[in-house]
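Take a look at the structure below.
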């Protein structure tokens, strides 16, 4: 996890807001480094995590998490992490070798018009079985609130799922994970093109999710162009804040991704400039 | 130069065969012996050469095994086809296996056009020699008295030399000798030969793509390219070349309509291709006629589903052909995407303002520079050429819009 | 105009709050619910987008008997076995049935959070018909709906707003807590009133109106920037006291004529000199060729 991002978001693995829906989005950039942050953050916070890894293999996330100091394999063995490997599951639908063997969660690949209900059922059954008061098999561990991470939601649009179905999926996940189980949810959405263009797909998905979320982190390239030492800017927007008033608060930071983390700084205060 | 591959940090945990993908950290004993590959200096990943050494450099050392390279075709498909041929030729020279799929020309036509490698050290691998190499010690025992430890090594020593070298050069004016080419095992998929079965599913994938995916999986399983396959056979890399996917000849209307009916056929296929490759020792180069696809957002999702992506823009037929600024080059090359796999960030060379030129013995990719102002009068270049420079800068993604001319 | 809308008790009205992803209109919606409860009216809320607890949070009397929240958040599509309220139940008959079941004979205000959710699953024509029937029919006195204008095509938003008696469009203001409301109200007589106000929603969900937005000065990007008065901290005096100003105005300027002289000059009477000019043949009128007389 990235220490500076923790202080920006005012959260540590011991104290963080529960019931949050965090939306991570990017436009012509790559915000997946934030997903790695949240994955290692919530694993360190001893939460039970359900990770829908739809775009990369397990070993990719495992290798990066290793650099951030968390072992995904161990977490899986302990039962703390449920990892859904979308690529592997999809092969059983796209190139069927035998009749059964496909997880029902990937049913949307067979017929995208059906929607993501079975994927939601998979999430619900994975996370509901984590009762926070339930002790694990070895009797010593107690897990924190359940967390759902999705990387990423826009690939579903490329596979034929409609924007409405994706929004319904996120609505149901938010109702179950955030409201009912008081856990957290992090979803990544990727956009292409400028905001003003009529993009029926990922832009509409982004807007719909922005209405639903309580915290949004939007990653973009620098408006002034390419820079070797500053990889882009992140706009953090707090939408729903219970105790502190009703207004939205926005802050802008610039960031740089290193080998073992990422650093965040206020605009114009990059170490190369100062 | 093959650097030894170290496993970073703790020793790798016990791997269940089902979970292995081609992105495991390779320990020294496992896969270092595949000819034509080398580990990346940044994250230990196994890389192969694309056949074009300057392209290898731009991609961070080479093409990672288990990934896809998307090549957006130039208007007349001349240079993208050339890159595909370089890729396949490199496979022949490195003794990899090939898989070529086309819908337009017969794969054998492409294979016959492969450029000849520039040989100093590539041995002509005669298949007849092979049985001799599996030596029987009895015959040659008397041959070497002192150096008897070396008697079982193959006689043609240069074969090892060529496989340990990464990246070769090719002479475009000559085609590859049939003996060299036939030494490499090649699988082919020619769409007209595959009858289209009507699939009962509502899956968005087209029958042609499904058949191609199935054929790929069959080859990978049969020939042992699975990462999880037993270690009994010597491992090799499968090089997959898919020509002009998304074109009308594949049955896809992506390039025909502004609002295609098979909107998600190609993207679903690419998703399945990525799934296949991540669990096999294979690399794929896919060419797409992106200049015919009207929907930029769709092009964006296609790019994101491939790991590496470059676009070729040739000057032929455009007004830039006569622009003196570009007279040294054949076209522009845009690097649209390079992956960060198994790591958060990687050091990559600058990808701005690249132009390529197909020379006889080399496909060069260089940073576009303005020619030096050698005229006696210190006159500025005309406005039209300055506009060309600005266009080049803006064409390379989020490039700076600054003027290249410095006003001294 | 916003306070009047908040306090209005007109029947048969449809009020639509349009918001965007940049600023949520839900707080304003809650203000309307609060105001309605204060007037002892019954309020039925169709809560699709946030949970019951979140809706109740901040309301003055969340456990008021007159407030009925129908939980359409937990299972609006019927994916579980016991959905509380599904989107299919958004029809005139079902809603009337639902309302008359729970409330007796008090006038009922129906609040929909949000219409965008319904529009995603029910076609706009059906939604418009239902809204129109509810407007006319007896069980519901007035309807307030939240609509996310950036989630739909312009035509959809336009058609739904066309049915409304009042539309409030909420956009973020320049300062942190402020928002700008553009209000359009159609009265029964057909008159259309429009207004634009800046407002703040307080902690207790009452609305405070700020000054009307000044268009010249409202384009301030940095909200912390104070208005700097350039004549403030100078070593010389650039201002005028009142006596000085009077003296300045009394001063007769040299070329300012009295009123009589002005009129005399403007209307030149007979006998004033006039100059008559007839161009001669020798006079050169052609500006183009100054050397016309050169006959070379």
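Letters A, B and C name the chains as they come in the text, with residue numbers starting at 1 for each one.
Here, contacts are C-beta pairs under 8 Å (C-beta built on N, C-alpha and C of every residue); 3 or more make two chains touch, one makes a residue touch a chain.
Just so you know, these numbers come straight off a predicted model, no measurement behind them.
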Among the chains, which has its CA centre at the largest distance from chain C's? B
Of all the chains shown, whose C-alpha centre falls nearest the centre of every protein C-alpha atom combined? A
Chain B and chain C: spacing of chain centres that average the CA atoms, whole Å: 57
List the centre-to-centre spacing of chain A and chain B in whole Å, with centres computed as mean CA coordinates. 32
Approximately how many whole Å separate the CA-defined centres of chain A and chain C? 36
Which bits of chain B are touching chain A when the two form their complex? 8-10, 13, 19, 21, 23-25, 43, 201-205, 210, 213-214, 217, 263-264, 267-268, 271-272, 274-276, 278-279, 296-297, 300-301, 304-305, 340-345, 350, 352, 397-401
Residue positions on chain A within touch of chain B in the complex are 28, 30, 33, 36, 56-60, 63-64, 66-67, 71, 73-74, 87-88, 90-91, 93-95, 97, 109-113, 154-155, 157-160, 190, 192-193, 197, 199, 201-202, 221-222, 224-226, 228, 231, 257-262
Chain A residues touching chain C in their complex are 117, 120-121, 164, 167-168, 171-172, 175, 179-180, 204, 207-208, 210-212, 239-240, 242, 245-249
Considering the complex alone, what residue numbers of chain C touch chain A? 21-24, 27, 49, 51, 53-54, 57-58, 73-77, 79, 116, 120-121, 148, 150-151, 172, 176-177, 201, 203
